[in-house]
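In the two complexes below, chain A is the common chain; its partner is chain B in one and chain C in the other.
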Partner chain A sequence: MPPKGKAAQKPKAGSSAAATKSPAATPAAPLSTKSTKATPDQQQPQSSTVAEKSKHNFTLCHPFEDLTGKNSLSALPTQADQLVWFASRLVTRLPVRSIGAKGQKDLWKTVNDHSLPPRGFNIRKHQKRQQQHKTADSRGRDIGEYSTKEWELRQEKRVTLSCLQLQSQRFRELRDRQKRGFVDSQTGDTVLVTDSEYLEEKQRRREMDRLKKELYGTQGMGRQGKLALDPEWDDVVPIVVEDPENALAAIAYSPDYAEAMSYLRAVMNSKEYSPRCLKLTEYIINLNPAHYTVWLFRAANIFALKLPILDEITWLNQIALENLKNYQIWHHRHLLVENYYPSISSDPAALSAFAASEREFLTQILAEDTKNYHVWSYRSWLVGKLGTWFNPEELKSTEDLIDQDVRNNSAWSHRFYLVFSDPENCTPGDKYAATEADPKVPGQIVDREVGYAEGKIRLAPQNQSGWNYLRGVLVKGGRELKSVQSFAEEFVMGLGEEGEGGEGEGTGEEVKSSHALDLLAEIYKEQGEKQKADLCLRRLVEKWDRIRGGYWQWRRDGLGLGEVAA
Partner chain B sequence: MSTTTTTTSNKPSQPPSPPPPQSSQKAEEEENIEIVSDDNDSDFSSIDSEIPFTNPPSHPFPSNPIMIDSLFTTPPPILDPFPTQTSILQSETIDEVLPFLTAQSQQPDLFTYNDFGVPSLRREAHISFLRSSLGRLPGRFVAADASRPWFLYWCLSGLAMLGEDVREYRDAVRETARSMQNPTGGFGGGGGQLSHLATTYAVVLAIALVGGEETYEVIDRRGMWRWLGGLKQRDGGFEVCKGGEEDIRGAYCAAVIITLLDLPLDLTPDSPAYKPDDPSFNLLTGVADYVRRCQTYEGGISGQPSAEAHGAYAFCALGCLALLGHPAKVIPEYLNLPSLLSWLSSRQYAPEGGFSGRTNKLVDGCYSHWVGACFPLIEAALASSSSSSGSSQPAANDSLFSREGLIRYILCCCQDQGKRGGLRDKPSKMSDAYHTCYVLSGLSAGMHQWVLDEDGEGEGEPGWMVLPYLEGEQVFEGRDRVRAVHPVYVIPQGAVRGMKGYFRGKGGF
Partner chain C sequence: MAADTNSPADPPNPEPALDIDRHLKYWKMCLQSPLPHHYLSNEGNRTALAYFIINSIVILTPNSNNNTESPLITPQDRRKLRQWVLSHQHPGGGFSPSSSLVFPLQGYEQWGPETGSQNAESAGLANAPGTLFALQLLALLADKDDPDGAFNGVDRVQTLRWLRRLQREDGSFGEVLRLLPGQGWFIGGGYDMRYCYIAASIRWMLRGDVKEGEPGWVEDFDTEKLANYILSSQTYDGGFAGSSQEEPHAGYAYCAISALSLLDRPLTTTTTNPPPTSPLLSRIRDLPALTHWLTSRQFIYLTPSPPSPTDSDPSPDDNDETEDVNFLLPSLSSLSLSPPSSQHPLVASNGRTNKVADTCYTWWVLAALSNLSQLPLFGDWLPARRFLLEKMAHRIGGFSKYPGGPPDVYHSCFGLTVMSLMGEPGLRKLDGGLAVPEETVKVIERARGKLLKKARTEGKGREVVVLGVMMRGARPGWLGAVGVN
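And then the complex of A and B:
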C-alpha cells in the first residue's frame, strides 16, 4: 500500500477509484506517460474474457512491463521513462526509514507527475490476483475464460454468499445470547430465537451450501451433510468412525448415512433424549430399518420424553407395512406395549380397545404376508400380555385366515396357542410342555378342537397342518390316539393290496393322506398291532413318502419286530 | 555404511541382484491386500462379471441314460385337489425345480452332470463369490450395516468348507473385530453399534476360523463375561442385546460364546438374573429349561415360547443343549425327541429333496443347514441313549433323512449357474453369502456322519468324530466333497480346538 499521502492516495481520482471497483472502467493508456491521463468515458478495446480484460488492464497499469520484459531497463525508449519506471518500483519497496521522508516524497512526486495508476505499483499483488483468476469453477471451467457478464454474475453470488454468512453469524450470536439468557435492552424481553428464525436459518444454510457448491465445488468442504447444515445440530460434534483400512465387508456408505451415524454416535454417547434425537432415529430408520441400535435408542427416547405410545404405534404401522420382512420393528412394538400396558391394565374398556386396534392392524399386515413369522410371534406374545386368549374376535380372525388358506400353518399354530394357553382351559405357566398332556384341559374343548381339525382335514387330507393340530390336541387333551382311528382310516383303503402286479387290479390300495398312515402306524403300535403298524410304515417307505424313508425305517425298527422281510 | 543402508531400503530391488525374497508374513500380507483391493470396486455386480470362471474340463453331456430316481423327477404321489395359496406356491416351486433336478436346465459349458444327473460343485466360482463378499460392499448393502460380522462368519466358514486356507485373513479379521468391539464387552454390528449376541457370535467364530493367538487376544473376555451377565434373564434365557428381545437364538449364541471362550459362569450382582439367595444360579442355569419351553405341539422348536415351530430355531435348540452336557443325556431330557424327529423329518420334500423351514412352507437351501445339521445331533443322541439307558428309541441304523435328496437339491438347484457363483435359496433367487454358507454346511452334513465318542475328549466334553458317509449310492463326485464342520459350532473342528485350547490354557482372564 502506498503511504497515506494525499497525492498517493488519489493520483487522478476519477479513473483509479473506478479501476478498483471494476476493471472495465479502467481507461486505456498509451505508452507515453503524458497520455495516461485518461478520461472515464474513453472506450476500451473489445475483450471478451476475464483473462483478456485482466491482461489488458495490466498493460494499462504497467505501461513499461511489456517492454521491459525481464525488468531490463534498456528496453524503455527514453531516459525519462526509465526514471519513472525506476521510481515506481522503488516507491512501494523502500521503507521510509531507509530513504528518509524527503526521498520518499521525491519518489512519489516523480511517480505522480506521470500519473501512473497506483494499483500497478504492486506487481506481486497483481500476480496473485492473476493466480486466483486461473482457478477453475465448480464445473472445472477456468474462471479466466468467463465473459465479463458471467464474471459479474459470479461476483454477485459471492456477495450474496457473504451476506448470507453474515446473517448466519448474526443468527448464531442471537442463539448464543438466548442460551446465556440475555435481555433485549430495548424491549426488556429475554432474547428468544423463534421457530421461524430457525427455519430461515435452515433455509439460509441450504442456500449457502448451494452457493458454495456452485462457486467452489464440493472439494475440501468438510461438514456439509444435511445435519451439519441444520442449525439444530450445531452444538453436536459428530463422532466419525472410519473403518480400518483392511476392514472386511466394509460398506461404502452414502454420505447421508455416514453423517447420520456419526451424529447418532454422538447423541448416544452423551445419552441425549430429545425431540431432535427422535427425528434423527426416524431419519436413520428410513435409511436402514434393520439397524437394531437405532431402534433401541428410539424406544429410549420415547420413554424418556414420555411421548404418547399410541402416536408411536400409529407411526410404526406405516413403517411395518413398508418393511414386511423387518423384525426390529416388532421388538420395538413389543417394548412400546410393555411400556403402555400398565397404564391401561386396570381399565377393561381401554384394554379391549387397544386389543381391537392391534388386531385390526395385525389383520391388515397378515393380509400382505400371511405367514410372517415375526408378526405371528408378536401376536401370540400380545395375546398373552393382554390376556385375550378367549376373545372371540381373536379366534375368529385366526379362523378367517385358516378359511382363506387351510394350509396356513402359522394360523393353526396361533389357534393352538389361543385354545391351549388360555388359563380357563389349561394349567397356567409352563408346568406341562407343549407335547405333554394337561389334565386341566376340559373334554368339550378337546372335542370341539378335534371336530374342527377333522373338518379341515377332510377338505385337504394331505395337509399336514391339520394332522399336526389334531395330534397336538389329542396329546394335550390326554386323549388316546386311537380315538381318531376310524377317522384316519377314512383316508387309507386296501393298504398293501397293490401287491406285485398291483397296477391294473381293481382292488389296489388307495392312500389319500400319508399323514393318516403315519398316525395309524402309531395307533396300531399303541394297541400292540405291530404288523399293521409295520405295514403302514413299510408302505410309506416304499411308496407314499419315500423321501422320508430313513425316518420311517427307524420307526419300523422301533416296533421291535426284528429283521423285517422286504 | 549407514548411507548405503538407507539407499537400499529406499529402493527395495537393486538393479543388479534379483529382488530379495520376501518373508512369508510379508507375502501373506501382500496377498491379502491384493485380494481386498481386487474387490475394491464400488459396483459389486461388475466385480462378478470380472471374476474368471474356471471349470474342470467338462466331459460331454452323459450319453448313457441318466440315473435319477423317479422320486426326484415326478410330483409327489398324493396331491389334494383343493388349491389354496400355499398349494399353488408349492406346485409352482416343483415346476421351478424339476428342470434342474432332471438335468434339463443346464448351461453345458458351465455345468457338468455326472451319470446320476447331478452337476459338480462349482467350487472355484463359490470361492470367488465368497472372497468378493468379504471385500468392500457397495452402498446398497447399507441394510447389512448391522450384520457385517455375519458376512465375516458366512464367508470365512464357507471358504473353509470349500477347502480354502482362511488364515490369510487373520490381520483383516483382527482389525475388523477391533472396530466392532465395545469397551463394555461384546461386539456390535460396527463402530458405535450396541453389542449383540448374534454379531458377537459371528465375530467370535470368525476369529476362531482364522485363528492365531494375537487374533484370540482381541477378545476382551472379562468385558464379554460381564456383558453376558447383563443379558442373562431369570427365566434362563438371554436378551440378544441390552433391551433387546429374548429368544432361543440368544441362548444358542451365548452357549457357543461361553464354551468357546471358556468363560466363568458366575453372575455378578449387577446382572438382572443375579439371585443373592441362590449363588448357584449362573449363566447357564435354566437355559435348557428355556429351550424346553420353546418346543411346540408340532414337535419342532419356536423362536420364543408359544410361537410356531421353525427350522432355524430347531438347530439353535439342539446346538444349545448339546453344549450344556452330553447330547445323549441332555437332548432327550429336555425335548420330546420322537416328535421333534418326526417334525424335522417332515421338513424334507420330494421331488425337491431339500428342506423347508416350517410346515407347509417352501424348500429353501438355507434349511439344508438349519434342519439338515440337526440330524447328526439327533443321531448322536439316539445312538448313545439306546446303548446306555435302554431308552425306547432305537438307534438309527441308517440315515434319518435322505442324503441323496439333500445333495441333489443343493448341487442341482442351489448353485448359481452364471459367473456370479455362490449358493442360493432356490433357482429363482439370487445367491448370497448367507445361503452360500448354510447351503454348504448342509452339503457337509449330507456327506458326512458323526459319531459321538462316549468318553469324550476330556474336560467332560463329548468328542465328535467325523466320517464320510459311504452307505448306498454316492450321487456326487469324490472331488466335490466339502470339508466337515463341527456339528454344533459350524466351523472346522481344528478351529474349535484351537480357540478352546488357547483360552483353557490361560486360566482366568
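And then the complex of A and C:
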C-alpha cells in the first residue's frame, strides 16, 4: 500500500489525461480520506448518489478505463498515458510484491505521480459495491441511488443489526449451556437464563425484525411472525399449511393466524403439553375463538399440567363475554365442570358456592343476550349436574327474564325444565317424555304453573310462549285441556257471529289471540263438539291465521266432518 | 340490499324471479377467490364451506349432466378437487374438516387404528361434519363418466369403525375423538342433534347391506340407542332440542327427523314420490305437537317502518325489542280492521318461538316437514318464496341471514336448497334428507355399491391368503410388508 499521505495529495493539474477524458474525474477528490477534510472545490455535487461516487472513485483509480474497453493499449494516445493505464491495472489486479523491488518502486512512483487514490485499488471490493448498489431496499429503490447521508444511515442500521445478532447468538449459546447443565467455572453456579434475559431477547428480536424489514423489506428475507421471534419457540419447527393449486374455500386470513396454526400443528403433532402450549391456545383463541380443535387441545393441556380448573373458568368468563355467539366456549366450560365436579360433589358448601358463582356469571352474560342458545343449554345441563332445580334463586332469575320480556321463550323453556325435572316433584329419569303426563307431579305445582302462565298470557295474549307453556303444564300434570276452557274463551267473543250492521259472518267476532282459538279447537274436539272445533279452525283459515291455512285445514280434515270441512 | 321496492299492494305484483345467473356469479366468486377474512371463524370447518359452494353450483346448473359440463367446474377441476377432498382423509378413518388439520404423513406413524393406542391422539384430527361434507363433496364432484367411482379412495371400513367410536353411552353422537391426558378417550362436541344426523347420514352413505361374516362387514353403531336418544329429545311444546330439557330449535328438529328417516331409509331411492315414511318417524312421541310446532315457525314478515304514533299496536312489549326489528308480530286488532297484511304477504320463518327471521330457517322448517312427508302443511309456498327473493336475495347474488344483510355461503346455499325443494324451475331437484340434489343421491348409491363390490372381491382374495397361510402353517413376514393383513 502506498503511504496514505501521498494518496491524499491533490492530483497535479493537467498532468493526467484522465482529467480531460473523463469529466467525472474533475475535480478529483481523494475519497479514501474522510470527506469532511475535503475543501469546497473537492466536494461532490450535492445531488450525486453513492453509485455515482463509487463510479467516480473507480474512474480516478482507473484512468482511460472507458477508452480501453477492450484492454487495447493502442487506444491511448501517448506512452505516458499507457504507462499510467498499465500501472493502474497492475496495482489493482496483481499482488504487487511479485514484481520485485525495482518494479514496485517504479510502480508506486507512477501511481503517486498520478494521484491514483488507493480506495479504488481493491477491484473485488469495487465489484461487490457495484452489486450492492444494484440491490433494492425495502421500498424497491436501488441502494446506489442513495445520497451519502442516506447511505450512512443505512450502514448504521446494518451495524446495529449485526450487534443485535451477536447478542442474540450469545443468548442462544447461554440457553444451550443451561440446557446441558453447564457450570460456570468461575462462580461455580449452573448457567441460568433469567426471565429478564428472555424478555430482553424477545425485545431484541423485535428490534432485529424491525431493522431487517427496514433494510431488506418483507420480500426475500421472509417475514418473521410473532412466534418465530419469540425465543420460547426456537426449538419448534412449525408445520406450515400449504394449499395445493386446486383447493376449495381458502380463507384470506392474516399471516399471524397462519403462523400460529403452523406452530399449533407442530406441538399437536409432537404431543407436547406445556405452559407455552397453553399460551399458544390463548393466542389463537383471541384470533379465532371458534376452532374446536384449539379448545380441545387447551383442555388437554390443562388436564396434563393439572392446572386449577377454577382459574380456567375465571379466564373463560372474560372470553365468553367478548364472544357472545361462540359455541365452543360452552363445550369447553361443560368439560371443565365435568372434571371439577367430582372434587366438590361431597362438599355441600363448595357445591352451593360454585352454583352461586356460576349463576351470577350466567345472569351477567344473559343480560347481554337474553336468548343465547348456548348459554341456556349449558345452564340447563348445569342445573342437572349440580341438582339445583329447586333452588329459589334459579327460578327467580328465570322469572326476572320473563318479567323483562314475556316473549323470551328460552326463559320459558328453562322454567319448564326447572319445575318438571325437579326429582322432588316428578319421576326422575326419562320414564316419561316431556310431552307425557307424570303422575308424580303434585296438584299444587300444576295449579301454580297454570296460574303463572295465565297471568303472563293476559299481559300478551298473542304471545305463543305462554300458550305453549300452559298446554305443556296441563299435559305434564295430567289435566284435561278443558280445565282452561273458560280462560281461553276470555280471548274469543262471538266467533263467527254477524255484526250488528250485518256485514257478514265473523263481522261481529272479537278475537284477542289466535292461540286461544287453536287451543279451543282442541278442547272442543276432546269433548266431541266437532262443529265448534271446526268453526275455530275455519276462522283461523279464513281470517285469524291465514298463512298457516294449510295446517289449520289439515286439522279440520282430522275432525272427520267430511263435506262440512270442505 | 334486497330488492327493496316497497311497491304498493295493488295491482298485484308479478311474482319475483330467481336470478340464476346472478347467483352463479356469486358462487363463481366464492369458488375462484379466497373467502374474505370474516370467514375465519369457520376455518375449522372448511369442508363445510366447500360443500356450500359446490352444492349450490350443482343445484344451479341442472343442464350440466350428460357430458355437458358446468362451465364453472371443468372435468379436470373435478379430478383435482376430488384429490383435495381425499387429502383430508385420516388413516384411522374419517376426514379432517380443514386443511389445517391435515398433517404430513409422518405425523400419523404411531396411529393405531384398531387399538386406539396411547399414541393415537391424531385420531382427533378427523371429525364427523368433516366426514359428511367430504363424502357429499366427492359425490357432487363425481366424474361424469364414472359416477360409480365417486367414493374411490374412501376407506369405508376404517371410517365406519371410527364413526362407531363417536357414539356415547346414551346413544347420542359427538363429533370428534380425543385422548385427554389422564382421562382416556373423550368424545368431544357437546350434546348436539346435528352430530346424530351426521352419523346417520354417513352410515347411510357408506354402510350398505353387508351381513355379518361377509367380507367388508363392519360392526354397526347402536341404531336403536341413537333412535331412542333422538325420540327422547322432544320438548314439551313439540319441537326438538339437544335434549328434552332445552329449548327446541328448528335446525335440531330437522336433524332429529332426518336422522330417524335415514336410519331406516332404503339403500336405493325409488322414484315413488314422496318416499315411504320411515317407520321410526311414527315412533315420535307426539307427532301432532311436532307438526304444530314446525308450522308455527312461520310468521308474516312486516317491513319495519319508522315508528309512528298512529300505529295502533296494542302490545307494549314489542317496542322494547330493539334486537328483534325484523320480527314484528302482526297485531290482531289491526288484522281485524283490514284484510290480513296485504294481498302479497311475505312469510318468514324463525328457528325458535318469538325469534327473528332467517333464510336458513325457511329451509330447516320446510325440509323437516318434507322429511315427515307433511310438506303440504307448510301451506302456500309463494309468500315464503317472495320473502326470500324480495328481502333476502342480495344484488350481488346469494342470500343473507337477515333482511338487508350481506350474503354468506351458508345462507346462500340454504336459500337455494329450499327453493329447489319447492320445485323452483331452473334448479336441480333436491333430496330433503341428504341436502344434495336427487341426482347426487343416485351417485352416492352407485358409489357405495362399488365400494361394497370391491370389499367383496378383496374379501375373496383375503380368503385365498388365509388358506395359503393355513397350508404353510405360518404367516410369512413379508405378507404384512406388502400390505396384506
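Heads up, the rule we're going with is that the second predicted complex is superposed on the first by the 446 of 566 C-alpha atoms of A that agree within 3 Å, B and C clash if a C-alpha of one lies under 4 Å from a C-alpha of the other, contacts with A are read in each partner's own complex, and residues count from 1 in each chain.
Please note the rule applied: contacts are C-beta pairs under 8 Å (C-beta built on N, C-alpha and C of every residue); 3 or more make two chains touch, one makes a residue touch a chain.
Since the model is a prediction, treat every value here as computed from it, not as a measurement.
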Task: Would you mind checking whether chain B and chain C clash or fit side by side on chain A after the superposition?
output: clash
- prompt: Is A:Ser465 in contact with chain B, with chain C, with both, or with neither (first, second, both, neither)?
  reply: both
- request: Report for A:Ser377: first if it touches chain B alone, second if chain C alone, otherwise both or neither.
  value: both
Query: Looking at the overlay, does A:Val241 come into contact with chain B only (first), chain C only (second), both, or neither?
result: both
Message: If we overlay the two complexes on their shared chain A, which of chain B and chain C does A:Thr281 touch? Say first, second, both or neither.
response: neither
Message: Between chain B and chain C, whom does A:Lys271 touch in the aligned arrangement: first, second, both, or neither?
response: second
Task: Scan A:Asp557 for contacts with chain B and chain C and give back first, second, both or neither.
output: first
- prompt: Given the superposition on chain A, at which of 21-29, 111-119 or 471-479 does chain C overlap chain B?
  reply: 21-29
Query: Residues on chain A in contact with chain B in one complex and with chain C in the other?
result: 239, 241, 243-254, 257, 261, 265, 268, 287-293, 296, 299-300, 331, 334-335, 371, 373, 376-377, 380-381, 384, 405-410, 413-414, 416-417, 420-421, 430, 433-436, 459-465, 468-469, 471-472, 475-476, 511-514, 543-544, 546-551, 554
Message: Under the definition above, what is the set of chain C residues touching chain A in their complex?
response: 30-31, 34-37, 39-44, 46-47, 49-50, 53-54, 77, 80-81, 83-85, 87, 99-101, 103-104, 107, 119, 121-122, 124-125, 127, 137, 175-176, 178-183, 186, 188-191, 231-232, 234-238, 241-249, 285-286, 289, 291-292, 295-296, 298-300, 315, 317, 320-321, 329, 331-332, 335-336, 340, 345, 347, 352-355, 376-380, 383, 409
Message: Give the list of chain A residues in touch with chain B in this complex.
response: 239, 241, 243-254, 257, 261, 264-265, 268, 287-293, 296, 299-300, 331, 334-335, 370-371, 373, 376-377, 380-381, 384, 404-410, 413-414, 416-417, 420-421, 430, 433-436, 459-465, 468-469, 471-473, 475-476, 511-514, 518, 543-544, 546-551, 553-554, 557-558
Footprint of chain C on chain A - complex, ascending: 239, 241, 243-254, 257, 261, 265, 268-269, 271, 273, 287-294, 296, 299-300, 303-304, 327, 330-331, 334-335, 339, 371, 373, 376-377, 380-381, 384, 405-410, 413-414, 416-417, 420-421, 430, 433-436, 459-465, 468-469, 471-472, 475-476, 510-514, 543-544, 546-551, 554
- prompt: chain A touches which residues of chain B in the complex?
  reply: 32-33, 36, 42, 71, 77-80, 82, 84-87, 133-139, 141-148, 151-152, 155, 169, 171-173, 175-176, 178-179, 188-194, 196, 241-245, 292-293, 295-299, 302-310, 336, 339, 341-343, 345-346, 348-350, 353, 358-361, 392-394, 396-402, 405
